[in-house]
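These are the structures in question, set out in turn.
Two complexes, one shared chain (subunit A), two partners (subunit B, subunit C).
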Partner chain A sequence: MMNINKYPEIKSGSKLIKKIYVAVMLWIVGRAIQAASRVDREVKEEFGRLSDDFMMHLHVLPSGPGMIVGKDKNGKVRYMGWNPKGKKITLDMKVKNIEGAILMFTFQESTCVASANNRLAVSGNVPDTMAFIRILNIVETYLLPKIITSLAVKRYPKWSQMSPLRKYAGRVLVYVRTFTF
Partner chain B sequence: MQIPGYYEFCNKVKTVSGHNALDKLPEMLASVNSVKPLIITDKGVNGAGLIEPVKKALGTKVKSGGVYDDVPADSDVKTIKDIAAKYRAAKCDSIIAVGGGSVLDTAKGVNILVSENSDNLMNFVGFGALKRRLKPLIAVPTTSGTGSEMTLVAVIADHERDVKMLFPSLFLLPDFAVLDSRMTKTLPAALTAFTAMDAMTHACEAYTCLSKNPLSDSTAVMAIKLISDNIMQGVKKPGDMEARLALANASALAGMSFSNSMVGMIHAIGHSIGAICHVPHGVCMSVLLPYGLEYNLHKTGLLTGELLFPLKGEEAYNSAKAEERPLLTIRAIREMNSELRKATGGKHPTCLKEIVDRDGNMMVPREVLSDIAHLSLNDGAMVYNPEDLDYNDALMVLEKAWEGEPLDRKKIRKGKQTSLVKVKD
Partner chain C sequence: MQIPDYFKFFNKTRIISGKKALENIPYELQSMDSVKPLVVTDKRSVDEGLAKILIDAYGDSGLVIGAVFDGVTGYTSTKAVLDAAQLFRARGCDSIIAMGGENCAFTAKALNLLVSYKTDDLLQFDSLPDNMHLRPFIVIPTSDSSGRETSTRSVIDGRIYESDELMPDIAVIDPRMLKKRGKAETILPALRAMAEAVEACTEDAANPMNDSFAFASIQLICENLAAAVNGGGSVKARLGLANGIAISGIVWSNAPEGIGSALAEELAMRTGNSRELCAAILLPHTLDYKLKNTKKSVRGELLLPVAGIDRYCAAAEAERGLLGVEEIFGMVKGMSKHIPVTLKELNIPRYILESTAEAVEDSFAKMYGKGGALMILESAYNGDGFSGGKK
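This part shows the complex of A and B:
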């Protein structure tokens, strides 16, 4: 609040840029999940264990951006855009504010460990949440520049073979607060 | 210490502690305008004669709406439905829960159904499902372990589907917690030992896991101190009322702590052993506690080292170097387990293969470790653990805990080392 009075334009301007950045990242992540569900064995298995009506909405409060990934009629995993209207969401993941989303999608682990609390509010059952977090973790390894190229080879590096970069960045877990009060 | 950029802490349970704390029951009920409480308990607690002092405290002024004592271990969705029907039929207006975690969590479940006027607990699974205040709930713990009297979560099993479900909501915090030393006096030695180690685990995980904060830290440290000062006395001299009251307070403090900071891999793996092998929760905690601390050392060595102070006292803490403290803390906990094993005539296990049922059969056969490892990855508590675990990591921990050997710390796949003290592998 204080900042708004002090730096009105800068604040709202930077907020818009942040929103655009996060929207782009969400789009990339959504597409990447769809791609990984076809080529990555572990991601495929994780989705296989999720129910047929699985539909996940990851979005930023209060007004977006967001993205939806779920299974279609044929059980294929698809990125389904940003609009939840008419879709039955089974796992609703809300990033509580745009700053939280920025930390999440610029992979700044160390900042976040210090403030692990209350970044993300989830409604849905716990096993689904945990499975989706693991999927996000794997997909993130693809999103790091070096590794993006390895997408085609159907293998992503295991934790032990992973570059230090992956160890910094791979932990979406940290941003999640499963329990909301 | 580092203060988190943001955190929340909430505990609004009125706590009444003392050797005759139960005597305040009529006043508590009056303060929430209740005239007809339903008493929920289980056969073990009732058989130990613990409902008598409750009835006596209620006296002639309050008419109880009946006593329900058929709660199974780990509670159960079906039982909860039955009790809710009884509550409605007797037109009760509050609940007094007298028992261990199984009873307290059952009572929380019943409270959801009767307050929301529903028959289906499943409608309230998940986060934020409860939206308003429930009926008054008075929690009278008879074990000193789960701390459920101070927590916002109910762990309820669905025995038909073999799963344990979590119901987290601020509305599940009881209105009152009554810590009365008479209520734990009858607790057998082995139960005293492993339930206290459950509380110890709550405190240790609260202090070392990701959502720690200054308020959860201070309650955790005090809980650890009270437990280490009183656990042997409580086990060896069941009638020591001071020790009993201290342990009851410790368990409440630890509950307060972890309810606001959550727990980590020890609980995640422990819940899964409980779900698959039906081992009592506290037993799993006793065995796994040193392993969880060991696994996370490269992240939380400093914090683990700090726990040497409440565990062993000022002198032991000061005479050890900072890099030695973390391993000394873990050693102290292993020694505590061994001492408890002696003091309970071998009933308290120090490793998974030592866990046996009443007839002496092994409860955790080696073949099920793989299933346990898989299940534990889906437990919400994993989120708060400082280091990641995948299937192989969880299996490695389980195999070592089964044999009773310390972890080979060289084999732990470590992320970024964030502990300020480095502990040699």
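This part shows the complex of A and C:
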């Protein structure tokens, strides 16, 4: 008989630092989406086209971190924390593992490349998903310098799409609203 | 494109390849309702730190690995399968991950039969149906892979177990698992895989589905072999090569055995040389013989994956088959610094060539003519150069 104790059971470890990094990034992005929906006309229009009960949950499998952004009773876009309990999620975007999330949030892979590399699983309808990706691209343009945003989005907006005035003024307002109220 | 009157193609294996591919395993297992896999591997993979990379990739998944069984050796034995089965049951595992070369995959496939049918008797699986319900099974090819990992076959103690369901559900090809190997160790499995893919698409029964897989396999191997051997073993080249080799297993499972594979198998058995080496040596000579002596010759499409679109388009349609064989001749000859490229270099006595030819003659005499097998072996023995279709 073989000695099975020679082959112990192995529990999966933890990647706490990576989880904390992704959690912080998701918090900033979530708050920034809320801010941008009040500051940027294009983001406002994108959200306007989404249904009144729109609620998006972007999270990392199997146990987070995550963020929830959705419309409240008054139709205002709000960052609603990380806990989906009691919320009616209409668009569930799952990053399959923490390493995939790290690749995305350290901008080694853009959202489009990550999707193409099968790192995301989405439950919800496709137009809503695409609208959310467009919103995410605009928010990243506000939050990050061009050199980093270029890695995170498919195409960096041209001057005709986003004038420097709109960009810099919007950036200040988004940052102020993200970190204040 | 060649299409037979009737054909069948089956592929169960999904390939997940690229950066951080291993991290997808917990998600994929959970999607198959599994949470606790048994990892079947060999000592070499553990010593090289591959098991540690896999365990690290499991980090944060919340799942448990039942155990890492490293009892697979160079010979796939029933004892190793039974030991693994005992461990699988004792730990309450529900799925299998094979990490390593074909021996690890063969052991894992046989283990899957035992644990899925709750038995310890492998002999009851002598004849396998194609509609079995087996446990989720993932293969992680390493640099030791030969392509048989993704095939429908398992060989334990010399007995062959074959069923469509023995194909793995998923093959996860991650660059971190593809360690640098010696030049011969890199070349031989790649050439054997290519030989099988080439043979599959030069057979009369070739079908469009298998052709597309075979062409992808051949192209990946042709494009990346030289870079993987000479270019300091770049990761991208090794990844391309591993994909080509993995696809060749699917191709091989869907094609009838050709004369080249049969001769290589028989010769390896009679001389003790590796199957990879025999297949690599015989590949160009089998094609040369087919080009010269058979009615259907070699398909011109072969040139496309072997030499690329530019050469394919530049060549006249009637010459494409010939040029394809010439390319393969050149490719194998180019490896002569690292591996023997003639049977003469292996010091094989002539009587073994004759008995080998005799053993496979009956099965292929109709297609290749009487004495064809011996002519291929003699050509490979002398290392006759490419004769461009002339006798």
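The definition used in the following text is that the second predicted complex is superposed on the first by the 122 of 181 C-alpha atoms of A that agree within 3 Å, B and C clash if a C-alpha of one lies under 4 Å from a C-alpha of the other, contacts with A are read in each partner's own complex, and residues count from 1 in each chain.
By our rule, a residue touches a chain if its C-beta (ideal position, glycine included) is under 8 Å from a C-beta of that chain, and two chains touch if they have at least 3 such contacts.
Predicted model, so just to flag it, every value in this text is computed and none were measured.
Contacts of A:134 after superposition: subunit B is touched, whereas subunit C is not reached. Judged by the touch definition given at the top, the superposed model places A:58 against neither subunit B nor subunit C. Of the two partner chains, neither subunit B nor subunit C is touched by A:80. In the superposed pair of complexes, A:93 makes contact with neither subunit B nor subunit C. In the superposition on chain A, A:123 makes contact with subunit B only, not with subunit C. Looking at the shared chain after the overlay, A:25 reaches neither subunit B nor subunit C. Comparing the two interfaces of subunit A, the one with subunit B and the one with subunit C have residues 117-118, 121 in common.
Those residues of subunit A that touch subunit C in the complex are listed here as 1-2, 4, 7-15, 18-19, 61-63, 96-100, 103, 117-118, 121.
Remark: subunit A residues 109-110, 113-118, 121-127, 129-131, 133-134, 159-160, 164, 167-168, 170-171, 173-174, 176-181 touch subunit B in the complex.
Touching subunit A in their complex are the following residues of subunit C: 16, 18-20, 23-24, 26-27, 30, 55-71, 83, 86-87, 90-91. On the side of subunit B, the complex with subunit A involves touching residues 2, 4-8, 10, 125-129, 152-153, 166, 168-170, 210-211, 213, 262, 377-380, 382-384, 388, 390, 413, 415-416, 418.
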